[in-house]
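Labels for the chains are A, B, C and D, by order of writing; each one numbers its residues from 1.
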Amino acid sequence: MTGTTGFIGLGLMGSPMAINLAKAGHRLRVYNRSPDKANPVQAHGALPCRTPADVAESGGIVVTMVADDAVLEKVTFGKDGFAHGLGRGGIHLSMSTISADTSRDLAARHRELGADYVAAPVFGRPNAAQAAKLWICQSGSAAAKQRVGPLLDAMGQGVYDFGEEVGAANVAKLAGNFMIAAALESMAEAYTLAEKHGLDRRMLSDFLTQTIFASPVYANYGGIVAAKQADWIGFVLRLALKDLNLVLDAAEAGRAPMPFANIVHDRLISAIAKGRGEEDWTAFTLGAVEDAGLPVAKSD
Amino acid sequence: MTGTTGFIGLGLMGSPMAINLAKAGHRLRVYNRSPDKANPVQAHGALPCRTPADVAESGGIVVTMVADDAVLEKVTFGKDGFAHGLGRGGIHLSMSTISADTSRDLAARHRELGADYVAAPVFGRPNAAQAAKLWICQSGSAAAKQRVGPLLDAMGQGVYDFGEEVGAANVAKLAGNFMIAAALESMAEAYTLAEKHGLDRRMLSDFLTQTIFASPVYANYGGIVAAKQADWIGFVLRLALKDLNLVLDAAEAGRAPMPFANIVHDRLISAIAKGRGEEDWTAFTLGAVEDAGLPVAKSD
Amino acid sequence: MTGTTGFIGLGLMGSPMAINLAKAGHRLRVYNRSPDKANPVQAHGALPCRTPADVAESGGIVVTMVADDAVLEKVTFGKDGFAHGLGRGGIHLSMSTISADTSRDLAARHRELGADYVAAPVFGRPNAAQAAKLWICQSGSAAAKQRVGPLLDAMGQGVYDFGEEVGAANVAKLAGNFMIAAALESMAEAYTLAEKHGLDRRMLSDFLTQTIFASPVYANYGGIVAAKQADWIGFVLRLALKDLNLVLDAAEAGRAPMPFANIVHDRLISAIAKGRGEEDWTAFTLGAVEDAGLPVAKSD
Amino acid sequence: MTGTTGFIGLGLMGSPMAINLAKAGHRLRVYNRSPDKANPVQAHGALPCRTPADVAESGGIVVTMVADDAVLEKVTFGKDGFAHGLGRGGIHLSMSTISADTSRDLAARHRELGADYVAAPVFGRPNAAQAAKLWICQSGSAAAKQRVGPLLDAMGQGVYDFGEEVGAANVAKLAGNFMIAAALESMAEAYTLAEKHGLDRRMLSDFLTQTIFASPVYANYGGIVAAKQADWIGFVLRLALKDLNLVLDAAEAGRAPMPFANIVHDRLISAIAKGRGEEDWTAFTLGAVEDAGLPVAKSD
């Protein structure tokens, strides 16, 4: 093995993650569906490849950070997929937000080829990816996790281990995503209640997110919910529905009712029905505003 | 005016708050329904009184920290209430969790007697009260707020101002309480989902509450929700229902639907129906656990 | 006793009910807040009275059909109330939609005066009242129920007995009202689902309400929900919220979570927030339509 | 063509439906996965076949009444499926509860072979199937609907037409199934409220289902919900979840939030989590009972 690492998926998150790997001295072979997305990381020395198969070295490591379960399956085991090239002794470091079932399925198929699989989904927005400040959950075999450790360290500020069952980290990621969405809805309801009683939404948000709720999630999103508008699109609402559906699929499979998740889900499909599918996903919080008969235009 | 301050309500929260006032040099006249609760603050020099009326000095300040709207109305304007003794130039510093309507009503009635009213509800549990680390919201006239400032500073670590409308701080308090309850339910659903997929509840809780949800509320409650059991009773569930009903009453009055609040409300009445009304209020999170067919016994 | 019966409350329901009593040969003394509402029943021989007290004969029967618990309390035990005039041996036949608690309270106070109380709320809209086709629930002492039997027979097509506990019939009425509201919401969701898949709302409604749901409630309301608009105001939305709150109060008192009731409640307050408080109460079903991004204008 | 009709799926519903066709003079070729299920209809002259393909005559009609979308796809276009044998001029009369998408997909694939497709799902339980009292929704081309008319008449008491778009009747069926489930939940909440206030569940159920809710659905299920127990298994709870998921999938595809459907869905997965997946589907109504802290044992 010549020591290059494969990286597939150079979107808003994948691109800065790959750059951080390059900066940390890892030699990368990269692939993205739209090839021009490879330019920034190429500027840091990465070698762009024409197919997913081309990024893999036998016995090496391939990192994936792609849109969804279907794309991941395709770049791994589809035509021109990298799995067979990775082969015996290789590791698939799978960092996308996907279902636990997909992780289990991919891991089993890699195992037949002699390769290992680590699930390592991340928390953080593009700016956190850029600053190598992602929080990472991991699950998989101890040996594989040890081997990918340096890569994870180069991309995140901390790694939390969820054991050897490969799907566990994916469940943790989905649980966390759900909690973020629930936090947004709870702020939307609270600030809307306050607005209807004459309070200033931002004043309330500032108070709560600087004191008892002073955490990254509330601090990041509080102002957006208060203003009823995001300044830019961090994550498209239509894709947030996909993530929420992964949560609800996991709830269904686990026979675990999640009433809050249902409400957020319905806010998302209602937002799409009202034409907000391509806005920032925080636009689902306008549901609470409209239900209360308030205008959704920016409040400040 | 001889410079003593009245203090009514020496419960789990009121007692340490009064002691902090005493420590800061304020001479107190105190009242509590059960007189023996006055002992600790008496040890710091406070003078126990036989009736609410006895704590007031004409033109002075009376602080109230009592159980609910009805008790507050009674100690203020009932037989032996302090309002008439407080009289012209006095200030009622009202720190209990009550409805905005009660604040508006009391303020109007005090005004007829020449007194002013400041709503100043607090966030924090008894240990925060003891450490003078409460977070305080205030609303009322600028002059009154200025005059009570030193008292608030002696009890809290920060004061956030919500303007001159006296009910505003009460709405802020209710909005915050709702958000805390919603955070608990969201953790209960997330951890239960995880448990049904084989994850360790505490491992997930530690990860989330040390990273993206690293805030006092999540840090305080995450371990309890993970363990399915509180070690002690910080706040009785039956009273938490009272607070949630204040939230829903405010939602009704403001015509603001709050679906998350309904769900938490139903968790609370279900918990009472199942015999948990006298447990710590976090026991409502067992609803999600039972709905998923899991045992509610302590998990670790 | 000279054999006249008192009747208080001559609204959309009370007026035809009183007329049916008069037609059946009962001599009536009637009272209504707006005196001109007495004209129609006066045309059938009823004697209009100036106060509630004036309708009562000692040891007689007084029927009440008023707006809410507060009005009922006032006409009964308020200044100029009829209770003292009714006195020993009298019966209060209480037919309004009120809480079980109000029934219990009034019954206890009547008992102190030697009078009895029968709760007998009704199901049916004004046209059913006119046709003497109301369905009536009753609860109270066997003797009192026997004595009011002929009156109920003159107003309804059937009487169902809920025993001696006076509040029982009120609970039955609230349970039924809730089920009607839930049926409306379920039709709204079903027809909206169908509309979004290209089906005709009325075609679906006709099918379901003529076959497996062929009952008065579905037949009466199906067409309105399908058309997204009532032709006239049968019951004002603002008052439907009052009734739903009686349901939720009973649920709270009984410690019985009712998630469907919460959803209908929120539909109602959202409808009021959007300016539909004075429309027919069926307008709450537009919530499902708007959540799906559909226009609320009449569909046919 | 010799004039025989194919019939696939001889379960609790399909068997009496096929027998009614035989009784009406239709010569049948039948197939069922477990061949012994064919005995009763064979007694009425039907010819049992070894594969789905064997039931089809070129240009004839094949009726399907199978468990779910996957089974239907398999018997139609899978190995030994009947589609190619049906061929040009044939009609697939598809009566199972399936998604509109499956209908559209099958119709398109049949069309390529020159065959037509009619969706005709039914409402009614096994005893209604036996009595030829099913209610049938149909959608498909006018010519095909005319040709299958005599078959439908032999199985049902009425056919409602939903136009030419083949998926429409499936949506109507799902909408109706949802409304049945919602009716059950609303009864469960209402009767539980009543029980907690001391009323007899059956007394209330009898009143409501004999008066304003006097329709087949409420009459059939009211007694079961009141008794908290079905006498026999009409439809297994686990399969009811499958149907509810078809509803929610349609809601997702149509971008139509259905809060009542979410609640029923969660009742179903909670019932499965508690071990009731193989009971009659009405057992999901015990959720409301347990939430209220009441025993679930039979109440009478």
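What we mean here is this: a contact is a pair of C-beta atoms (placed from the backbone, for glycine too) under 8 Å apart; a residue touches a chain by one contact, two chains touch by 3 or more.
Quick caveat, the model's predicted, so the values are computed rather than measured.
Set against one another, C-D and B-D show the most C-beta pairs in contact at C-D.
The chain with its Cα centroid farthest from the Cα centroid of subunit D is B. The distance from the centre of subunit B to the centre of subunit C, each centre being the mean of the chain's C-alpha atoms, comes to 40 Å.
Between the Cα centres of subunit C and subunit D there is a gap of 37 Å. If you average the Cα atoms of subunit B and of subunit D, the two centres end up 53 Å apart.
Across the assembly, subunit A contributes residues 251, 255-259, 263, 266, 270, 272-273, 291-293 that each touch 2 or more other chains. Viewed as a contact network, the protein chains are fully connected, with every chain touching every other. Within the complex formed with subunit C, the subunit D residues making contact are 100, 123-124, 135, 137, 158, 160, 162, 165, 167-168, 171-172, 174-176, 178-180, 182-183, 185-187, 189-194, 196-200, 203-204, 206-208, 211-218, 247, 250-251, 253-261, 263, 288, 291-293. Residues of subunit A touching subunit C in their complex: 259, 266, 270, 272-275, 287, 290-294. Contact residues of subunit D toward subunit A in the complex are 245, 251-252, 255-259, 262-263, 265-267, 269-270, 272-273.
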